[in-house]
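When the chains are written out, they are named A, B, C and D in that same order, and each has its own residue count from 1.
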Amino acid sequence: MAPRTPIPLITVDLKKRPWEQEKPLHNRWHPDIPPVAEVKEGNLFRVETVDWTAGQIGDNDSAEDVKKVDLSQVHYLSGPIKVSDKDGVAAKPGDLLVVEICNLGALPGDEWGFTGTFDRDNGGGFLTDHFPEATKAIWQFEGIYAASRHIPGVRFPGIIHPGLIGTAPSQELLEIWNTRERGLVEAGEKAVTLGGVLHTRPLACLPTVEGACLGKVGKGAPDWERIAGEAARTVPGRENGGNCDIKNLTRGCKVYFPVFVEGANLSMGDMHFSQGDGEVSFCGAIEMSGFLEIKCDIIRGGMEQYLTPMGPTKLHVNPIFEIGPLEPRFSEWLVFEGISVDETGKQHYLDASVAYKRAVLNCIDYFSKFGYTKSQIYLLLSCCPCEGRISGIVDVPNACATLAVPIAIFDQDVRPKKGGPPVGPRLVKRGDVPRATYDGSAPTFKNPCGCC
Amino acid sequence: MAPRTPIPLITVDLKKRPWEQEKPLHNRWHPDIPPVAEVKEGNLFRVETVDWTAGQIGDNDSAEDVKKVDLSQVHYLSGPIKVSDKDGVAAKPGDLLVVEICNLGALPGDEWGFTGTFDRDNGGGFLTDHFPEATKAIWQFEGIYAASRHIPGVRFPGIIHPGLIGTAPSQELLEIWNTRERGLVEAGEKAVTLGGVLHTRPLACLPTVEGACLGKVGKGAPDWERIAGEAARTVPGRENGGNCDIKNLTRGCKVYFPVFVEGANLSMGDMHFSQGDGEVSFCGAIEMSGFLEIKCDIIRGGMEQYLTPMGPTKLHVNPIFEIGPLEPRFSEWLVFEGISVDETGKQHYLDASVAYKRAVLNCIDYFSKFGYTKSQIYLLLSCCPCEGRISGIVDVPNACATLAVPIAIFDQDVRPKKGGPPVGPRLVKRGDVPRATYDGSAPTFKNPCGCC
Amino acid sequence: MAPRTPIPLITVDLKKRPWEQEKPLHNRWHPDIPPVAEVKEGNLFRVETVDWTAGQIGDNDSAEDVKKVDLSQVHYLSGPIKVSDKDGVAAKPGDLLVVEICNLGALPGDEWGFTGTFDRDNGGGFLTDHFPEATKAIWQFEGIYAASRHIPGVRFPGIIHPGLIGTAPSQELLEIWNTRERGLVEAGEKAVTLGGVLHTRPLACLPTVEGACLGKVGKGAPDWERIAGEAARTVPGRENGGNCDIKNLTRGCKVYFPVFVEGANLSMGDMHFSQGDGEVSFCGAIEMSGFLEIKCDIIRGGMEQYLTPMGPTKLHVNPIFEIGPLEPRFSEWLVFEGISVDETGKQHYLDASVAYKRAVLNCIDYFSKFGYTKSQIYLLLSCCPCEGRISGIVDVPNACATLAVPIAIFDQDVRPKKGGPPVGPRLVKRGDVPRATYDGSAPTFKNPCGCC
Amino acid sequence: MAPRTPIPLITVDLKKRPWEQEKPLHNRWHPDIPPVAEVKEGNLFRVETVDWTAGQIGDNDSAEDVKKVDLSQVHYLSGPIKVSDKDGVAAKPGDLLVVEICNLGALPGDEWGFTGTFDRDNGGGFLTDHFPEATKAIWQFEGIYAASRHIPGVRFPGIIHPGLIGTAPSQELLEIWNTRERGLVEAGEKAVTLGGVLHTRPLACLPTVEGACLGKVGKGAPDWERIAGEAARTVPGRENGGNCDIKNLTRGCKVYFPVFVEGANLSMGDMHFSQGDGEVSFCGAIEMSGFLEIKCDIIRGGMEQYLTPMGPTKLHVNPIFEIGPLEPRFSEWLVFEGISVDETGKQHYLDASVAYKRAVLNCIDYFSKFGYTKSQIYLLLSCCPCEGRISGIVDVPNACATLAVPIAIFDQDVRPKKGGPPVGPRLVKRGDVPRATYDGSAPTFKNPCGCC
């Protein structure tokens, strides 16, 4: 008979630091970070994770912790997990690792999460030019629902998912990453002033020994410096999956990951109770600790069978996701549109990022007419189950992006009506989110990730 | 008693040319194109439209007509329609025009449509670098379903919608459009080589008298030259709605349009039987003639109440859409991911367009393992009910875009499986789409819209 | 190339009587009613139908026509249609006829429907003891939506479907029907007083020459009397499908019908714009004329392969239905429960009919607190997209039935709230439905179908 | 700040007997069973429950335990819970108690469940005439999914719900129950032979001291005999909710319960991982232990405001349920129909129970053509997310019931196809469920509940 209960593969103690955990966490991608656990295909197992900052943000009414968060340390991941087939033969480079998410949720006793915006000089976000201050909202979970004392009048069911899950890169893939991202940083200023839209944020987070945490490779280990010096940051999604922030990757979904190293070395973390498409505020979803119950399968040789590399090597591939029938059904949506004309009136050429920015700004302005501050809505859009679509990407010169928000998350009817919004702005006093003053200093371009 | 049947406001005769119709069509945006019909709020009315090319593309097995399509003429719209309230007072600038789509469909006797890719030198498309040839697929409608003899083995229900619907711009708004789009074209070459991704397409379609069709303003009319010379092309979506190509704008939806001129002057056309998010092939959805049954309402002063201008004038706004409960429910999806590393391996900075391009390319490669040519899948993704999402837009340097395809549209199980795709590539001989050879000549940068 | 347009197989002229139509209608089931049209499998064809009464009920504000409706004449069906395979070989007894509903809708120019309750002595209904009067509500269609001047404040999208569709019975099956239904009528009074609940309605509608209409078999034809005398009434659903009133049998659905006679002889009618599960008022859905676009397929020998007879002969089978992805998605429902204790407090044993009656009565009482008369809600539940479920059928002695109503059909929030319904009963004056006084005479047991 | 974690109101120790629990369980309804816990409105609390038999059925491959189950003891419930408002004032008779289910699931370490059919002489079931033997299937949970080694090839997500939840009856209501159910039993044989369909099962389970468990009222207590002698069995659903077995009462749902006694005295148990409409096998859903996270609210005077009594007293009411947006979305269903002609060919009059029985039998026969035994399918239909509908209840003489099964739960395509089922019956050897031989003795009419 199969075991009745998921194998408790990795547990975390929220009172301990990441490197003190029984199975130490890691916050970098590197092939030489050894597995902390091993599992066979077909077995259901359970992995617990800390929140992505490992406890830097508190359940309180101040945004100072968000303002001063140490971004060199993120994201703390559970794993790597080595996966073998039923005969005990490890997954091999070229295989596909099938990861089925059978269940996931908050850790008992830790049923809360946070959403924030970073300070413009320490992290920023999609709209950092408009919202340069650090802010924070705390969410309380009531079973499937989240509600916030900082954004009253909204409540929604979470589509819980891991923001970050992926396999370990090979040394070759790691070097590709470092080369191309370094190229971008070096191209530098020119690129970032394009459109003037996103210019105050770091271009990329290059490897940095500062803040590195390498799992079983302790700080005194002979290889520590080398690995920390070349290990990739976990910030962006890449060929191995990673920080894809796909908001629908929830119960009943599968991911088909490329395998780059023996054993696949699967890691995961950055659990989100809920996220909006784009995770616009960057600090961003409803961030929480949590658990996953997972089953793995191996498709031998699946990379060649199913994935097609694009670029100079065979490694330029992306995982495939399979979404199941278990999302909440919302039946009515308000949809905000943006075109690739930026908020100064300037025309851009088929730029979906600019179009999406406009859609988000339009949406923030709209809902702020119903008694909310714009900061409240910015945080809300980052974490509620809203959908960001690329609606048109060919009609020169305007890309058209849309942002759809389910009407049912509000406790009032937010549709346009004859006569206008209920009684002018701020009808209901809905308070505000905690803020930490923005210093106003010129953008420093200091990489808050600590890499330069 | 209310009339039992929609008021037949605008009918078209598919055997006549656009300017020969009883209520002549138009293919430009200009405040001086006079209304051809008038309607009061609350009344259900019916509008018929030709396909966007007004019959340039035939139901046959050659792509020569797509290759040589005259793009200076598009899109042919029905309208403008003047809208008044119940007392006969016209909609005024500053109002919101609420347009409810109560029903829509194909014209009896014309139940077919086409999807194509333009030649690289005459229109191009999102992936024109990869697919420079003109191709075409013909779709047959079976009630709610579409099937194509050129792409066997797929069938899906349409989410029928108008690709293009909008209110007339004021003279001031028209000038804003022309100024900013001319600025882009003049900035020119520098912009288009950014990333090297989309560089063979015109940057924008500026006003051109060639091909202009101005409704009741006949070619001999005293103002014709002036209007044609400054009227905006219909290619992109803008502040007035227009060619937004929002694929879910179907039965049961509402649009809240800003009103810029007396009477609102609503026009529509470019009916799509179905479209994928992004309409990636540009020629693009399942294009068809069709009808709409519509009701209008006026929210007096609604622009100020609900919309927030962004940019130098009060006119920089976008319509709001309300999506209803009537889309098909698909329960299982395969999701393809792209990050902002282009297909040469080059890193781009949070560029959602590049990320979406990669997601689309990954998806084309994947499904081509199931017996299809890549051209067939490119066309399919342009017109089937697939969803393009901006999943992550903050995780420097990689934007993460996803493309979700409902599994149920295929007549085979297209999920990854142990052992690989059924029997290698081209298991089933699924034919191909008609093609028109690409000349291979260097990109000419001649604006196929005819404006320069 | 396949034909571009559905073959117009059967058209109706609403100004003509059923027997005057070019392809005369019929209102009885009999193997000797000859086909009026023929079609091959795979071809898309179009069938038009009159409403089930063939125009007895008018679009007006009186219920007198409902009170005096001639029920001996119903339901008028279009067909029979003979179906052959691609080689022209007709469907044969023992085959399965696959009927795919590709599209369906109202007839242009006749976009309205009616819902009524019959007089207790002429038809009755599920709640005839509580609602003995004839009433009527007229529904106006606005594309996909229905609204009624007689029941203001509700609007809902229709799930359009044929209430009645089926294949012709063989002579043997016809005799089984007549025998078993005659047995019930003869058992008579004893049965009908069971529970005292439904006792004023006829037990069954046996064959009657009065009102019979036999298609191509005209009234003077030699066989007319014989056929009319033994042809089955169309009132109940039976082995051949027939009047199943399955409310979700809409666009994108398939039915697998048993074939009992050469050519299958498919007939259909009784189009519903929308119906609630149970069609409780009997006159019942939103009844309308309409059209269907259909494709047929033949599974040779499919009855033996897929159906299992239950009863003394091989003919005791039922069709199978396949529901597709195109229903409206409602996300929130109020659910009313009934148990098999009747409204006098009497206990019944696992009787799902009694339980459902209680659920319906509970629901009528509930919504009548929001400004409606009970008659309005009774009609509404008969025709809106509400779901009737058999929730528990084993927990002695109480069957538990539930009736779920989508909240979104109302223009007010109808959920229970602290403080009670808005401002007591009849907050909003919502008028009433037209009524025709109930005579109050003792139930006559005269079969209104005319059979006795 | 609100507490971060649900209040652990009632916990169970699965190794202890019901009466040994810290907060002893109960298995009867009576106003004099005192609360074991108390909670204020607005607070989120957690309740754990044992399975309905309190451990009589084991995770093994024999059905002997099902055959010999002691039905006099069921169902074991957690509670009663006294509910007060924020000021500490208890709920009062006449109020409505709003119970929101925020979360629920299996108990960690006990992730399995069972489905069975009772022996014809000890419990029976909806189809006990066809399936007189005791059988059993064990289900393993993989997160949201259930799979069974006894019914291979099916897997489905659970819609977890409490089968039994309700408020305590008042003494007056209790007497109404006992009187009407005793009346049914005394009417006796006549009733049960009606239709001959369900005649071997007890008519009702009257109060019995045998097996009674009364929570804090221990067996030696002075009132024990009196209370046990008049306390209602928990088998049927009644005015207080109770064993309604509403399969969709899951996360995100609310129930509005009438309050009959001071404090409401809410009890719950009989957790189901999944159930089909009707719970046809009686032993029935996927039965499990589990937990619920719940919030309560009180609508003062809500019974009069929202519920309408039917019958001789004000107490004849039923709760109202509100279903939320979180069920799995299935897009394709096979639907089986039954009419009120029983399996011997006999005609019944508008009997929805007979019609549903036929639909279930038709469905069992159908799926048994795909390699399953009929017993496997009978168990499957009792516990998978299938929907049982009352489709037509007015078309004399045939009620029409339907049973819709989501196609996606099978690992093969189960739709009818040209050529018939894959390779005749039993294509795949799918084993069978454990059975316990049926004695074959004549039905004894001994009430297995022990009441007579």
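Rule of thumb we're sticking to: contacts are C-beta pairs under 8 Å (C-beta built on N, C-alpha and C of every residue); 3 or more make two chains touch, one makes a residue touch a chain.
Just so we're clear, the structure is a prediction, and the values are computed from it rather than from any experiment.
Under the touch definition stated at the top, chain C and chain D share these contacting partners: A, B. Farthest from chain B, judged by the mean position of CA atoms in each chain, is D. Mean C-alpha positions place chain B and chain C at a centre distance of 41 Å. Computed from the mean C-alpha positions, the centre of chain A lies at a distance of 52 Å from the centre of chain C.
Averaged Cα coordinates give chain A a centre that lies 32 Å from the centre of chain B.
Looking at chain A, one finds that residues 324-325, 328-332, 408 touch two or more other chains.
On chain C, the positions that touch chain B within their shared complex are 1-2, 4-6, 44, 59, 101-104, 108-112, 140, 142-145, 149, 157, 251-252, 293, 295, 324-331, 408. Note for the complex: chain C touches chain A at residues 328-332, 408. Chain C contributes residues 96, 98, 125-126, 176, 180-181, 183-184, 191-192, 194, 198, 201-205, 235-239, 243-248, 256, 277-282, 284, 297, 299-302, 305-308, 310-313, 316-325, 329, 331-339, 341, 343-353, 356, 358-359, 361-362, 365-366, 369, 387-402, 404, 415-418, 420-421 to its touches with chain D in the complex.
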